[in-house]
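Each of the next two complexes has chain A plus one other chain: chain B in the first, chain C in the second.
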Partner chain A sequence: MKLTIKYFGMLAEITECTEETITFSEDTVSELLKMLLAKYPALEKKEFQVAQNQTLVSEDTQILNSEIVLLPPFAGG
Partner chain B sequence: MNKERKPKAVFIEGAISAEFIGNSIAKHQTKTTIGAHDIFLGQVRADIIDGKTIKAIEYTAYEEMANEKFHEIREATFKKFNLTCMHIYHSLGKVNAGEICLFVFVSSPRRVEVFNAIEYLVNTIKEQVPIFGKEIFEDQSHQWKVNS
Partner chain C sequence: MSRYSRHIILKDIGIDGQNKLNQAKVLVIGAGGLGCPVLQYLAAAGIGHIGIIDFDIVEESNLQRQILYGTSNLGQQKAIAAKQRLSDLNNTITVEAFTEALTPQNALHYFSNYDIIVDGTDNFETRYLINDAAILTNKPIVYGAIYKFEGQVSVFNYNNGPSYRCLFPNPPSENDIPNCSEVGVLGILPGIIGTMQANEVIKIILGFKNVLSGKLYCYNSKTTQTFTIDIKKSTTEFEKVKSKRDYFEEQYYSKTCNLTVKEITIDEALQKENILFIDVRELNELPKANRLHHIKIPLSTIKQELHSIDKTKTIIMFCKSGMRSKKAVSILQEQDITNCYSIKNGITAIENYFKIHV
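Coming up: the complex of A and B.
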């Protein structure tokens, strides 16, 4: 399936884009992360969370949606 | 109190002005069941890091999720505390050092409720809402804000 991946804050500096479309044929968040880390090795050192349907998900969550978001540590206030 | 509340707009472009805050207080004069207000104002600090001073913070957010979270937090706070009303405003974009970036305002008949509610509310916002801050130094270099 085609996935849109969005990046925020310091993560977008590493990927040099705030959004991209990739082709994903596997199943879980962990498999997607493996793919993204291969593409952007510098992400490995960064702390981030993954959201699907505007909800934080864990690595074993199945990818259902076409939009996945990578979020660096929250810094509101 | 199972009243369904509609999501309210939280994000404001740029700094939150003293005038905006003052007007917000004035609007409550007609609500005479209120006996206590509590207000939290987050202000951008000019921290000095390795000899360089922070001049501004540029805020961004994953807005769809942030708005959803703000709504959830609002509902949870109304359930937890006996509040008459609640207002939350957060800046997006550039806010200079010394300016206000977060305005949280709670009101209740009694003071104990607002003291407890404001602390819960501010802590939960900082923990759960996907907002990001780029700290810009005087020489235009930057680092990413981390909440402590």
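Coming up: the complex of A and C.
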């Protein structure tokens, strides 16, 4: 299936894009993360949460045909 | 009341609403990029009692975004300069300035005196400290955070809603995420995000229905895109924080944003019961702690020697100066051994104690 992945904050600097469409043939969030980490190894060191359809999900959540967001915490004030 | 006439003629505020604003007590932590607009709008809105915590001074590089301050404030304490400006902006309100850092030792006391806490800080240690202290004192937090051109806004711990730890349970590793002074930030961005925080404060005080609780609002000033994410409450995260209540004030937040390392003096240590003293210096280090009944487990081997430590005892560790023993405490705490302390100033303090108490 085609997934739209959005990258926020410093994650977009690693991926060099704020949004991309990828083809995903597996099942869960953890499998998606494995794929993204292989593509962008620098993501490994970053803390972030994953949201699907605007809700935070865990690693064992099933990926539906939808929009995925990778959301890092910001420190700045 | 002509000062508030534009509020009072609004049906959703009126005289009752304005009275609520005048009676509210709001504590703003950090009088920087986010704190400035929060403070300015809250003062103008007539929030009756505003507290400002900031230990920093006004620097020239702040003026690009912290528009509460002017050139004449350079070198002044931010909290003091902000208080002066706000008192001029609205001379009918009370503003208190606190020029110290927020710590686990003072946080619960500060929070207990206010209705709402505003997080305008610039580092993760303080953000997690604010979260935890707000849970322990049952206060809502109006959260804002920024990075370059992007901002986040939410309300935590409001009406049984989720907390910051429900959103980000795992604090970023040390040096992972830099702050504004290291990476830069669009000056207008904290103005937008801080103003949204002030708006949430007003909504909470007025009892509006759609407070930004259980949601994280994300804004990108470069693309004018916004995105809202639902956050679920994690009872586990709340319980973890509540379980620290008994020793909260004895500890410090480490770079991992968790409480670690209870430090005590040798006098305090000797008043504890069922003590096991451990010397974590290397075996050949001098002076020896002859007067103190203890065992020796060097820091370098403590991970392998955990099995030899009697966990039913109050474990009190020392080294030369108190640095290695703090590290040792954090190692034990990672293994869920929480009844452990580090002696301040180590063997030096112990020797001094026995010089006095012969």
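Please note the rule applied: the second predicted complex is superposed on the first by the 72 of 77 C-alpha atoms of A that agree within 3 Å, B and C clash if a C-alpha of one lies under 4 Å from a C-alpha of the other, contacts with A are read in each partner's own complex, and residues count from 1 in each chain.
Note that a contact is a pair of C-beta atoms (placed from the backbone, for glycine too) under 8 Å apart; a residue touches a chain by one contact, two chains touch by 3 or more.
Treat the numbers as computed from the prediction; the structure is a model and nothing was measured.
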item	value
Contact breadth on chain A, by residue count: chain C or chain B	C
Touching partner for A:8 - first (chain B), second (chain C), both, neither	both
Chain B versus chain C as contact partner of A:71, first or second or both or neither	both
First, second, both or neither for A:45, with chain B first and chain C second	second
Overlap of the chain B and chain C footprints on chain A, listed as residue numbers	6, 8-10, 51, 54-55, 69, 71-77
Touching residues (chain side chain B, partner chain A) in the complex	42, 59-62, 64-65, 68, 90, 101-102, 122, 125-134, 144-147
Complex contacts: residues of chain C adjacent to chain A	30, 32-35, 119-124, 127, 144-148, 150-152, 167-168, 170-173, 176-180, 183, 185, 190, 216, 218, 220, 223, 227-232
Chain C partner contacts - residues on chain A that touch it in the complex	6, 8-10, 18, 45-47, 49, 51, 54-56, 69, 71-77
Residues of chain A defined as touching chain B within the complex	6, 8-10, 51, 54-55, 69, 71-77
